[in-house]
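Across the two complexes that follow, chain A remains constant while its partner is chain B and subsequently chain C.
What follows is the complex of A and B.
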């Protein structure tokens, strides 16, 4: 049986699956995105039950399972906690478009946040080898903003003077 | 069942064709918050100890989509498990968690936003295999068309009767504040609606719907503490039919009959024609109300047409909620039936209340043309 199989042509079927989606943001994430778009402000949602900051803001804090109730402006500066340098291009399945590599994904704790409330974004620097855990970064806003996370272009490394 | 499990609280969102105002998490939180408040419990030991969620990756457009919901259902630091099938199966699963002795109080939370994808039919198309059945254009609606043709011929169901099923659904839905399709229609309106999967007309199809449901289930001892009017789950049964439609007798009720037989045996129901006060059927399409009635034993096999003609739905209090035809999303179809049975048995069903209801049965199905069937018997 196994010998016969090695002689047989094995057919595969190549298909693209796609269904257009409309993802609701709701009143909580929606408010965060409106502030980015209209005011270039990064708003965290604080939960008074336990003092946690939620970034991005969500309807419910997972720890206390209660609603956040206080909007607080944070950033645009922050401290890089973790980062990852990505060297492979992950193409868009429909357009084949890729992003330039390497690129840096970072986890930024913004100024004004009490505790840990990381906001994930791209981190850029003239020399990415200078990106380190604990580095200072700053949000760079896009000129044209539409109410998406791309309204922040990236976080830029603030290089310390030698 | 040796020990007993009760449903202590139920909450449902209003069902609507496009709940664009909320993320799915917002919908689920609305109903979770409601049931938590009803029983006065938070999450943790001696409170809500586990959650069972019900959702579909393709409708949510996320892999392992329950990871989007865990924050909202208190899964942080404790268990959450997802049922990717009709919510009546999630009820079965939650009951099993309690009967196993692992948990005494379980939160069940389900959601589906059919409006999120551009087309519900595109989503259910992907339930079919990529080699043989997708290329010929099968989705749940087209599969139901095959079943409707076979069933109507076998049971003598007419286009007029199907129109009347829809007219009646809308009449009851008008008395159900949470129902989606509440506008009155006439027999002529339905019969003039265009064919979508002949013999299924547009008017025979449940409207695209969004919504969420939550429930609190508890062991007997805890249920008595948590609520004044527990509704007991006294029978459960399910059965899968084969995936390949061509291998099934589409006009029959192989899997539903088995599921009902198992649930009735557990609950001690010997004559479903006489012993059920409330019947809730997940009729995605009008013909299924009669076909499921046969499967549940409300009438004999092949007698669906005569049952409709004789006013069987009114006589046996079928779908006073308006049924799934009035608009619940997939996955919530059977769970909304269970929810309606709970309201009826608690005497909380408002203008559609069946006076003195003692025993109810809810049916839900998963997969094309009712592949997996689940039957739940409830009593007060």
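What follows is the complex of A and C.
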């Protein structure tokens, strides 16, 4: 070890992993994605045991520990509960591409949801400084849809009439 | 709560934390912490029965790291367990080690937390923790500015920003006292506004200066049964209790209580703590950013209103203050993720045992609290004491 402490060159091993993945959606998330793709509809799953809305839908509501049992169409309009203006150029994990900044991600409580079940998505506006908590937004669907969350392109800020 | 037998922490060790540990490989870096913990406990590897190993495997992307690391941990021929629970991994290691000794399965258990973040991609790894069906596209690593937004709304822009920066500077002052800390900038209190304005925004008002580091490092904590502590005549930090709370969603904001507040309420109720600010002597908090550190202080102490801001403004959280928080410098100073939450337990134990050296708080420490934090808003608390649990009373 004494030799290593003096002038030894530090050799490192550089490696890049690239991984293709295919995830099963299951019937519940699958139904949600089919509705996005085929009908441009956002469907929440309601749990009648406690009235909680699950969005994105999950098979079981963790609070009541019972299955969601009622599909309800919500949106496409909604209210912004929280938002993040991202300046840090992180890589998009789905493509590996570095994202353009700034961009805004928001938590949108869609019209028709009773209680709080915010959907997490991109929020766009001509002037992002106008994006505020409580702002009205609307889902914009992609022209070409393939049964993914990206079938909603983003939520667009609805500018209030002056 | 009912515990079969008392468990004491008798040894703690850490590697040097840094973003430049190219001179050692993973097992070599872990060995630094193992060697120090064994020396601190005054025992040898022969006395250790079981090793609980943990890191975030998504970061280095090494399969069965505990096998490779056996060269550094000394697991060969002993029982071994590997755990990973995201940011809370280190805290989960401590909970598991406590359970393994309390159950009577083992008398001496060594918890080993590790991460070498420079060998992976931290933000990429964290982004892949989001739900692959709906969250990955959006996850920007562990960065969020929503806490800053909420605090600015609630307390006013000037005060909230000044408090977050004051918290940052106090942590930096503490890091200056800790020779193991990764980062210490010698930040000055008189330039708070200038330092904040000069620091790039990451997300909203979360700026580079508020955020924790990406560190390489390992931490080791040795847990022993009461019989072993007495046989070996060791000064122990006794594990009184631990609590873990998490949520179903990855990050969703509701008006329910935070997991931090729920975990604190539960652990205080079980241990007869009615006024944590008076009854706990030092708190090692997993504070990934100054905004979270500031906000979570109020949550863990069950405060309402602006009391947690006042605690920062009036220096109460300083090492020589009434309620010292992170005399080690905390997570903004050093963040080897799989080790980070175990470092909180180690630092709390060092304060109880009086072995924290230059960052030992200058008052008697009878009770210390350590927290862990991770994905799906995991919150883990461990309560340590200089006195054994009265098992009859506790059950």
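A few points about this structure:
Everything that follows uses one rule, which is that the second predicted complex is superposed on the first by the 149 of 162 C-alpha atoms of A that agree within 3 Å, B and C clash if a C-alpha of one lies under 4 Å from a C-alpha of the other, contacts with A are read in each partner's own complex, and residues count from 1 in each chain.
The rule we apply is simple: a contact is a pair of C-beta atoms (placed from the backbone, for glycine too) under 8 Å apart; a residue touches a chain by one contact, two chains touch by 3 or more.
These numbers were taken from a predicted model, which means no experiment stands behind them.
Using the contact criterion defined above for the overlaid structures, shared-chain residue A:120 touches chain C, although it does not reach chain B.
By the touch criterion defined above, A:90 lies against chain C but remains apart from chain B after alignment on the C-alpha atoms of chain A.
Contact with chain B, but none with chain C, is seen for A:27 once the two complexes are overlaid on the shared chain. Set against each other, chain B and chain C differ in how many residues of chain A they touch, and the higher count belongs to C. Of the two partner chains, chain B is the only one that A:59 touches; chain C does not reach it. Contacts of A:10 after superposition on the shared chain: chain C is touched, whereas chain B is not. With both structures placed on the common chain, the touch criterion links A:141 to neither chain B nor chain C.
In the superposition on chain A, A:71 makes contact with neither chain B nor chain C. Note: residues 17, 21, 23, 25, 29, 58, 62 of chain A belong to the chain B contact set and to the chain C contact set alike, using the contact criterion stated above. The part of chain A that touches chain B in the complex is made up of residues 13, 15, 17, 19-29, 58-63, 65, 67.
Only residues 4, 10, 12, 17, 21, 23, 25, 29, 33, 56, 58, 62, 81-88, 90-94, 105, 107, 116-118, 120-122, 133, 149-150 of chain A touch chain C when the two sit together in their complex. For chain B in complex with chain A, the touching residues are 19-26, 29, 42-43, 58, 61, 70-72, 74, 76, 113, 115-119, 122-123, 126, 130-131. On the side of chain C, the complex with chain A involves touching residues 22-23, 61, 121, 123-124, 127-128, 130-141, 143-146, 149, 153, 200-204, 248, 251-255.
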